[in-house]
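We call the chains A, B, C and D, going by the order they appear; numbering starts again at 1 in every chain.
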Amino acid sequence: MPAIDLNGDLGESYGLWRLGEDAELLPALSSVNLACGFHASDPTTMRAAVVAADGHRLAIGAHPSFPDLRGFGRTPMALPPPVVRDDVLYQLGALHAICRAEGATLRHVKPHGALYHAVAGDADVAAAVAEAVAAFDPGLPLVVPAHAATLGVLEDAGLLLVFEAFLDRGYQPDGRLLPRGRPGAVLEDAGEIVERALSLAVDGVVRAVDGETLELRPDTLCLHGDGLRSARVARAVRDALERAGVQVRPAAGALP
Amino acid sequence: MPAIDLNGDLGESYGLWRLGEDAELLPALSSVNLACGFHASDPTTMRAAVVAADGHRLAIGAHPSFPDLRGFGRTPMALPPPVVRDDVLYQLGALHAICRAEGATLRHVKPHGALYHAVAGDADVAAAVAEAVAAFDPGLPLVVPAHAATLGVLEDAGLLLVFEAFLDRGYQPDGRLLPRGRPGAVLEDAGEIVERALSLAVDGVVRAVDGETLELRPDTLCLHGDGLRSARVARAVRDALERAGVQVRPAAGALP
Amino acid sequence: MPAIDLNGDLGESYGLWRLGEDAELLPALSSVNLACGFHASDPTTMRAAVVAADGHRLAIGAHPSFPDLRGFGRTPMALPPPVVRDDVLYQLGALHAICRAEGATLRHVKPHGALYHAVAGDADVAAAVAEAVAAFDPGLPLVVPAHAATLGVLEDAGLLLVFEAFLDRGYQPDGRLLPRGRPGAVLEDAGEIVERALSLAVDGVVRAVDGETLELRPDTLCLHGDGLRSARVARAVRDALERAGVQVRPAAGALP
Amino acid sequence: MPAIDLNGDLGESYGLWRLGEDAELLPALSSVNLACGFHASDPTTMRAAVVAADGHRLAIGAHPSFPDLRGFGRTPMALPPPVVRDDVLYQLGALHAICRAEGATLRHVKPHGALYHAVAGDADVAAAVAEAVAAFDPGLPLVVPAHAATLGVLEDAGLLLVFEAFLDRGYQPDGRLLPRGRPGAVLEDAGEIVERALSLAVDGVVRAVDGETLELRPDTLCLHGDGLRSARVARAVRDALERAGVQVRPAAGALP
């Protein structure tokens, strides 16, 4: 029986400011990535997110970021790798403490925003993040794009890796995402997104922008949570997967 | 054989900015309180402080604060108690992760600055901090002033308490510190400070500003680390204690 | 012909996070208070708010705050008065520069949140804020509650003062607001709010919680902008005032 | 009579943390660049720096930065150009207000750290900063490296430009600085630095690393203020210049 993880970014409010539709998105997911205060969230928001995710029995992961609240962690920053390593460690520990207070467990780490892209494309940043995760808990899986150019570095670090694919982004033939702004970079059609989820979950493949079949074999699919639309699409994806006999469950649960 | 702990605040640099004379102060101490990024320090500074303290085999404690870098955690802030609780938990976890990466262990928690005073004087804040520490690790002792007005709340929380006395501050007859700015509020004479350390470590008492003997029975004595002067005084205190047959060792080690 | 100012807090988004319904509220107002980055907003958000307010020909004022993004400027903070003074000056200058770039002019200053309450109740903070405003531009009016306990200090500073009354808050007989949480502290009935606006604009009075008539003689009425409800109420207030022959125009315009 | 400006970065403390030896460096300078809170400083530190610089009758300039306190503005950040523009405007205004309160005047703008390099090397960032300065005050000169690759963009913006050369950095034949870490990248010999100051001030030239003479024709020379050594070197430079009949005065004063 094929299985896949559906992950979403949650707990991205900050202070008085709300973001996302966490309550609506939660039922569609099997795992969540929780902001740790560097691109969004604060300790009280983190606690509420842990409680909500744990209440839905979702796998809770840390979503560490560059320190960039104003830019929501999306600003590329050329930080020294040891600083990145220590920043990630700090965030893992902070979320871990809040999980511990609520009787929940940290199950994975998924870098956020510009840090996610740096982990996928910059060997020094990839090594720094891997070092942080391994130092905190070598059994904690790291979520990276299925097409990460830094795969060698990440595998050398000895971490468990969870490969991620995107349902609403166009892929280049080499497995990299089409940059935003280019035609086909962002998919908006719900039917197309659902179809892609099935193809990725059952066969591990996606059709690249050149029409060729690209093998990604993802462990987890990312469901964005930014708009009202997303919760509806997320539920449609989950329903379609379950109807097709695909088990939706945390990726980490399937790891050795 | 009488015993006492000598604690100091370390790791209070931030980014490029240096503060304190950590290297000079370390040999005089038996335990250190490390800033967690809310009033000073950053993840990389925290790591360096953990390495330095662990290298001297000192007991490492967390030094959580109100979120107030600009004011060095000294600004009284009326935060809601649940926010204080979550802020403390966040900081404990962050430092714990860095300790774990370096093979070190968190041994105690000492609130910093305005938070320290709030824990001693405000029952709601005391309960919030105690809840955070207990949720993170109920065996982790909390350092509070020997004269804390909130002693009842803190004891109800079931935490191990470490009582602290100050060597360079004037005491009122009821055990509270004389406010800064009042005559006798700050002691500057090294001989007087050393004499007071002996009196507190051996007999558990201090002479209050009214001349009467005040019983404090502290577990730990605070050695400030702000000026060049302090490292010299700290060493004089330690030397005098050891010559008098007082064992200098972490307070937490003596707890049940 | 009676006249009154209707003011609202705008530009309270931050980075990616949105707050308020600026576009809906603007047509009901004659003046706006724009966050300056200490409790909300950022330079780019400030520019957008200046453009929007100027496009509606509203009087633009600065809305300086304690440095407290996470707490939205609502956390009481015991900052030294010279620090408060310099913080306010910094914020005035920052908004002034953005106004200048857009050809707009700063017309008033209204402290935000916990700073607003401190200006009304703490003589040292009141003097510090007044000093900042006078140093920046002695002709810039300062908005304070009609019942400010610090009126003497504020008048001594020689500033122009704009007196504010609240439409949705209960008043005590001495002119102070009823603390939130007490019965009658917050008015929710639109009809009652509109009636109160008329009474304040035409006769300068409000009915206190004890039923007695309280003379406030406000120059400006505050219309909160937090919820969808507020824009509707704000328009109802403005419509009712105009139907009653009250001119709605900036308070600063009426000052000598 | 030849003339040159000697500029230094000042006011780079933050909260309790001290940096630089402002008092020692001031007498050697004719102009200062004051941090505006984004990479260092805070409103109260800014005020003290303005008072100190004004007391020495130095030309005061703004030293805006990327928002990066922890990294001291040295972290390259890929911010959207409109955000850079608004950030610079915000900082100019903030410092301007504090100058106004102290009766001082803003005379120039010199971007700091990673922003300085981005202005010199990235046309979009250069245009954004130029737009901010022009919008605030088109008569305010912008300090850029004599070798800026973005000279065309900067000239198109119609700003007054002040060209800067460095006394302690190795130059490549094309006028760019030798990257730190390469042999000859940083000069440490005081005699060599003084000699270079004379050559740049009198003849406008410097010897590049390949031994060839490079024409820079700077308006201002940068004297770093990070270590105790720098104040001594700065005074030696100034003394040598004055003995050689070179007038040391603000660059802005010489502009049309």
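Before moving on, here are some points about what is shown:
The rule we apply is simple: a residue touches a chain if its C-beta (ideal position, glycine included) is under 8 Å from a C-beta of that chain, and two chains touch if they have at least 3 such contacts.
Just so it is clear, the structure is predicted and the values come from calculations on it, not from any experiment.
Counted as hops between touching chains, the shortest connection from chain B to chain C is 1. Centre to centre, using the average C-alpha position, chain A and chain B are separated by 40 Å. Our note on geometry: chain A versus chain D, Cα centroid distance of 43 Å, whole angstroms. Shown for chain B are the residues in touch with two or more other chains, namely 42, 70-71, 83.
Taken chain by chain, the contacts link every pair, so each chain touches all the others. Across the complex, chain D meets chain C through its residues 37, 42-44, 46-47, 82-83, 86-87, 89-98, 100-101, 132, 135-136. Looking at the complex, you find that chain A touches chain C at residues 13-19, 42, 69-72.
Across the complex, chain D is touched by residues 67, 70-71, 75-79, 83 of chain A.
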